[in-house]
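Okay, here's the structure, questions in a sec.
First chain written, first letter: the chains are A, B, C and D, and each begins at residue 1.
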Amino acid sequence: MAFDPHSLRQDFPILSQQAYDHPLVYLDNAATTQKPLSVLDAIQDYYRSFNANVHRGAHYLSDKATTRFEQARDTVADFINAPEQSHIIWSKGTTEAINMVAYGLEHLLEKGDEILITSLEHHANLVPWQQLAFRTGARLRVLPLTSEGEWEDEYASYFTDRTRIFAATQVSNAIGVHTPLQAMLTQAKQHNAFTLVDGAQAVAHYPIDVQALDCDFYVFSGHKMYGPTGIGVLYGKAHALEVLIPYQTGGEMVQHVTYQSTQFNTLPYRLEAGTPHIEGAIGLAAACKFLTQQDRHALLAWEQSLAHHVYTRLHKESQVAIYSPETHTTLVSLSVPNIHTLDLNAYLDSQGIAVRAGSHCAHPLMAQLGVAGTLRASFACYNTLEEADRFCDVLLEAIDLLTDE
Amino acid sequence: MAFDPHSLRQDFPILSQQAYDHPLVYLDNAATTQKPLSVLDAIQDYYRSFNANVHRGAHYLSDKATTRFEQARDTVADFINAPEQSHIIWSKGTTEAINMVAYGLEHLLEKGDEILITSLEHHANLVPWQQLAFRTGARLRVLPLTSEGEWEDEYASYFTDRTRIFAATQVSNAIGVHTPLQAMLTQAKQHNAFTLVDGAQAVAHYPIDVQALDCDFYVFSGHKMYGPTGIGVLYGKAHALEVLIPYQTGGEMVQHVTYQSTQFNTLPYRLEAGTPHIEGAIGLAAACKFLTQQDRHALLAWEQSLAHHVYTRLHKESQVAIYSPETHTTLVSLSVPNIHTLDLNAYLDSQGIAVRAGSHCAHPLMAQLGVAGTLRASFACYNTLEEADRFCDVLLEAIDLLTDE
Amino acid sequence: MTDLPLYNSIKQQLRACRSKEETFKALVALSKRLTRLTAEEKTEENRVKGCESAVWLIIDNKDDTSSIKADSDTKLMRGVLVAILSLVQGKTKTERQKMDLKAELESLNLGSYLTQSRANGILAIIEKIKK
Amino acid sequence: MTDLPLYNSIKQQLRACRSKEETFKALVALSKRLTRLTAEEKTEENRVKGCESAVWLIIDNKDDTSSIKADSDTKLMRGVLVAILSLVQGKTKTERQKMDLKAELESLNLGSYLTQSRANGILAIIEKIKK
């Protein structure tokens, strides 16, 4: 393991604080990551030297802001290998991006059409489709995937000629497993369904190539990949973005307005109503640069090795049930029968360790696993082996404390 | 004029730069304001000391983040005198807030119902209603207001028993005039219409009291009131917010999800899907504090005196047509017959002066005024009398240069 | 319910905690003093909405003193419930309504165990107890 | 169209500008050399979409050299159009298509007059000229 997170941690001053008189151990990275100084600097720099509204103005600051804002779009396009920058639509985050697509495709759905998702989805990639199904009379179907990310032989029956939309996560936020994405996308495309990939849990760890994936839409949040809050991305193929009915209307996204009619702007603007989150776009571009400047394979290998280390240590403990894969994941999701995850979590917290307990916005998946919730330790590039060990040690202490008699 | 903007300018380092070798004169404040150091510090502090996802977690950082995030809601509630913090819904900005309402009320509209707006609206408070009218068969009606912000005697005929929604701006972004808001709201309420006030151009200048206004919804953007981009507010009365169908669905806004049904959360959360713009909320609260720490009456008087000064100087010039009121406004919108505003703007820019030329996202109002666009100089508390004079001087130079023969 | 510790001793105990860890341990210890509800008593109707952990409350109002029973799926919340119950036990409905339960709980030094999202849960419990 | 200045002299003139103000003045001066279109010629069809100012372009392709006329409602864009027209005047369609108009315009040192939103307009003009 050549990779050394200690030097990288210099970029994340937040990590060197005490929490309840213990060194902070931040293992809640799947919820949101911390931000490197380069992202903070990009935000400061924007407000200190070229803040202005974009596109509409023609003056020194607004020219600068517009140029940097559109360069940010280029940077993000490169980051996921999108063919053109106009295929990058800014959104508030993954959730808004999925809602934009669910709303935008509504006009193409008919009663009896099918929307297919998987059983590993976050609520963000479930509720918008369910509500769309309610509104249109379409049917929401759920492709059952095992918690190993495998599907049953009869999967083919889920993809039908009525499948108009297929939406799946790349990586499960709750248990860290990868879905069989490429195979599912192939099926979906054979049935001419629109395809959407929820990359919220993937972008921080895996190099993304939307052209290789060949999906119609790819969505993710900035705050989960070292970027600011309030910004995310809807990538789409040109034809897919063009069929979307604009979800929001107002300034920026129009070409000409009369009281009788409105002529919408071209892509990407027609899907971006109102003053955009300029700072967020610039901060997200800085986060992309932060990642591309690293040896991403080394980062990923490191994150996976930490998860694997925890897996190996806890797998030996008979009380602990682990729901995450042994390898190829960056998080460990577990529960301890007869001990509530919130109680475990509280003790870990009292020792300065930040993990997440609960249903991880995936109620149906929890039902599938037969648990009310799990405890999830999720790793980022700045985590250390000592932190992984400390999590294991304190978890075992907590189990001791909370076991009756 | 006891107020001295020079000491306030210390808080805005961006203002002391050169643009094309001239001192920057930033008079594009109605598009977006600059941010005081206290807002930048709040953002830095968030990312450097307590960044975490809110609500879902239970650990040191997420407790801190959640507390500060909800305190920000309190601060904003106080800022506009909302009775309870749960009446404050975070949005991306004014545009998204209006779309949230337009979408959320759709289920209450029937063919033949009427949506009433005024003739002074920004596209953000026009296109969402127009599209809602298209979708529901409702009729979009436009209350004609003069460019002095007065209405004709027959206004009463515009408010009917079919008026379900009345939406009006408090202050026109294009010409700076105030609408006769209180009188219009009274009419609208007599007809039991839902009322929405677009406060985008008001919040930076005027103390707002939503209880005194007694409107159902009040919306504004952070970036126009010294706050960050990507954050804005939808205020609503409890009953009004409760009838809104959630515009976006996903995590955070649900209580329980199965594949068959979803139970939404209580206010404010049911209208806030996904990870919020935490940094933005905290930055906006810092902007509210920046404003409440000032003598707001002195600030307003100063801003109005600058606009009045420009009005008085340019009113004397026979070539200049001014569309803004002589007093009680913080901006001056003008045009020069036979000279294109973009040409004027370009010369001003070459001298370091940032104003805005164009239609100000208000095509129908431009048609009403009979111009293609105007040149708008809009003031903020940090602008100086010298800047106002320099704008006038350079404008007159530009007119000279651009007058044929 | 008869074997609930005295509220004042609970208060002393909790206020003596010097760290989050000590409070945790004190609450876990307290949780053992709760008489658990039966599965039949844990109905949807008895459930308190808005808590992160599942909480059930059964109030049987009598003229002199009411009987209140409660349970939760987490030990920590059971510890908090013991504190709440010991505070309101033996009180009539009117007496309960006069108490400032929120201020009382805040004085227990529970710190982040009473933060925002969870505080909402506690507030829901207090509301239900006052009804 | 016959009295358009030579492209090379325009280029020299614009590249000599040392400030945004000088470029502004040079473009305004150039704008005077444009033969304006008549009101009838300024049709929706001839309008170039995507420019901040209104721009009209009329291309009459002939076998030897094409005739191109253009106009705008802003002086600055008329100045830019004079530069573009002087560059492509007397050229056939095939010759025009071979030219790297974008690179040529960028070499004129127009700076922020060719920025993002306006550059999109210029690109639309170039596209139309190449068609």
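One rule holds in what follows: a residue touches a chain if its C-beta (ideal position, glycine included) is under 8 Å from a C-beta of that chain, and two chains touch if they have at least 3 such contacts.
What you see is a predicted model; the values in this text were computed from it and never measured.
If you average the CA atoms of chain A and of chain B, the two centres end up 31 Å from each other. The distance from the centre of chain A to the centre of chain D, each centre being the mean of the chain's C-alpha atoms, comes to 46 Å. For this pair, chain C with chain D, the centres built from the Cα atoms lie 78 Å apart. Across the assembly, chain D contributes 52, 112 as residues in contact with two or more other chains. Contacts with at least two other chains are made by residues 20, 56, 58, 60, 342, 346, 349, 358 of chain B. In terms of which chains touch, the assembly is arranged in some other way, matching none of the line, ring, star or all-to-all patterns.
Pairwise, the chains that make contact are A-B, A-C, A-D, B-C, B-D. Of all the residues in chain B, the ones that touch chain A in their complex are 13-14, 17, 19-20, 24, 26, 28, 31-32, 34-35, 39-40, 43-44, 47-53, 56-62, 92-96, 98-99, 122-128, 130-131, 140, 142, 221, 223, 228-231, 247-252, 254, 256-259, 261-262, 273-280, 342, 345-346, 348-349, 352-358, 361, 363-364, 367. By the touch criterion stated above, chain C contacts chain A in their complex at residues 19-21, 23-25, 28, 52-53, 73-76, 112-113. The touching residues of chain C, when paired with chain B in their complex, are 50, 52, 112, 115-118.
Residues 55-56, 58, 60, 63, 66-67, 70, 266 of chain B are the ones touching chain C in the complex. Against chain C, the residues of chain A that register as touching in their complex are 20-21, 340, 342-343, 346-347, 349-351, 358, 372, 401-402.
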